[in-house]
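This is the structure I want to talk about, given as structure tokens.
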């Protein structure tokens, strides 16, 4: 255990559920007690960062293995490791840089990089890439996004933390808006929300981009109420949280069509006064910049929360 | 304040003009007192590096955000942060790695990266990119080059430091040679030189690549003498400093034409015995390798000075 | 000298042959006593890493200058520097990122980067690139692979260390298999093996890809026995070490032809019971995954050894 005094107290006050966390591949892995431990640790990390402190992980190495580039997510993990006092190996775009190595070699890469590092953060262009990595890795693996229809569990953790910071998750109503079939952040957060009682989810998207059946079946099995919608107007006044996502131009090249699912000042007028607007960023036209100054806009706070949530998660994996 | 004893003494001996330095976007921001403070600090950094020392910035993070690649400039900033004891997040080529994110999103990127880091160094492919970043950033932003016709203020700072190390700037005569209309290093240094008395500038270039009117008008307003020239021979014997720059092959594909503005052994024979030859590097044919062994060649010393000048600048921004 | 107590004892017990090691360009530079010193240090590094320790190089900077990408080799060097407590500047693909700078400028880059760092690791796409870098560098240069027909000396050092860990090198018989004419790892290891008595080498490859005459002449001059073979079956039962390498698809597009030189379960049946199988990785079809669980498979251990061998080498260069 390498945390400070407060952290030691924190974790010794309860059984260590993090002992069961070896790799982070999908958000379903997280039980509610594990989430609560993570969020407690994340709050501690917030305080440590705020007072300019650091932790004692100076001999630990995080390897960032991004087969697809994502400067923000990568920086978030790497900053988290640095704020813990640790060290970083980094590749921005491993796929572009290893064309001669076929993709089935991810297992070999992980075995080798696992002998140089203490934790591996992987973003892979194929669904299941992180699971394959975890299956052979000698050190913990964190999925930082796999494929279009995969998951992005740490995004979901920071999303949930952002909400939890403001209100209880039990009884929450959430509208997911945008291109949901290829939305790995939405998929991961839906799994997490299903852990809590009396949650209600609205999936709002063009019909051809609706949430895939696997998630809906999961929600059914866990008795989570949800509705499929194609109109933002019918939903937006009902919910506590609007979770907006991009519709990529290659799917809907017509900007006007994408604008039907946009959040702008007219939508703001219909929102509850205490609603929260989230977005995993980056954004295009679906989230107007006029929203930025609205007190219900939480997306920059959400992105900033990536730091303390990932610090907390790294400590849970490295302290094992 | 995180500097050593000497540094504390240094800065407590005068009012802290660095208090006014929040972002570094353009070289005009620097007053002569601020330049002198920077250069004093840079000399202190030189001594600290020479004795293998380090400073106390181990909890501070610099984010290198290069939309255009520049290994040397990036390494110079990152080495500076490391020599201060700090930490680095780095992207080599953010533009290539984020094709789906339109360029107008630099503001969002900066807001997010600013929540993970303590200072951001940005090179942007568009003129004004650094200014846009500074306008929204929660942490100091340093312009490491913006667009073809923008600025590169830290290059100008190390250029001036290199000259100042050898002689007074007052009364200096300088010839800028090469492709001046797209020369952001020349533009930034011209602004700085205009702060000092009795400076004389010669702009030597093919007529179609002469310095743009905005700089000439600025010099007029500040009563700085300058001449526009198209012949290197008429100027080179007159000046204290030759500041050579590249003429890019895409502008003048004919090597012979570019060679009319080259520094080689025949030009060396016409230079003053105590002249200084500077070049921001990298070079092509316009600066012959035979010049390297001439005692008037200062361009490698100039590049090396990037380290201590950038260390000094970082302390001024981080100590605020 | 920055090593721990044991290390100090280690190196004070003998004359310091590492004093002769300024740059690492080619494997022939290493004498047997120097190799033994390196391997002793590597074993010490293994123990330090195993107990989570670190060393005292926190003010030293390694610059990774990869003109060709190689995530594994780069990570291995960077992890080594981090485990020493040091710091890293890194470029993944300098060639792609500096198209406008002609390749003959590597000397300028090295001069500049050498003023920002304490040791430079270079991978260059041209044979001789590392030698050119070493010729002008103010700090030690390590060749991490140059050209197709150049060398990769640190790979050979870790290869030899992996063998030496298990058995004496004197009297060893080794089969090199694959695309040998462009195999810089094989070239570098052949030079090293020639330093030891009674070594026997088999070069096994398609006739058009056999080992080049320069290596064969070197072996002749040093009285090293070797045979050229085109059949894996005639050799594989004779040798202590099988050193397998890739045959790149662009040379032999027919997979069946490449499979003639593959190691699979049928080849395993013919190997000596205590043979070692090495491969510099990454692999394609020439090394079947069924081999991975065989106790004679040493290639992941070999890759992992890169860490301690490179740590040891860095200390020898940085302690000068």
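Observations
By letter and in written order, the chains are A, B and C; residue numbering begins at 1 in each of them.
By our rule, contacts are C-beta pairs under 8 Å (C-beta built on N, C-alpha and C of every residue); 3 or more make two chains touch, one makes a residue touch a chain.
Every value quoted in this text rests on a predicted model; they were computed, and no experiment measured them.
With rounding to the nearest 5, the Cα superposition of chain A on chain B corresponds to a rotation angle of 120 degrees.
Chain A and chain C touch with mostly distinct residues; of the residue numbers seen at this interface, under half occur in both copies.
Centre to centre, using the average C-alpha position, chain A and chain C are separated by 40 Å. Looking at chain A, one finds that residues 90, 92-93 touch two or more other chains. If you check the complex, the residues on chain C that touch chain A are 52-54, 69, 71-72, 74-76, 78-79, 82-83, 90, 92-93, 248-249, 281-284, 300, 303-304, 306-307. By the touch criterion stated above, chain A contacts chain C in their complex at residues 58-59, 61, 63, 65, 87, 89-94, 97-98, 100-102, 105, 108-109, 111-113, 115-117.
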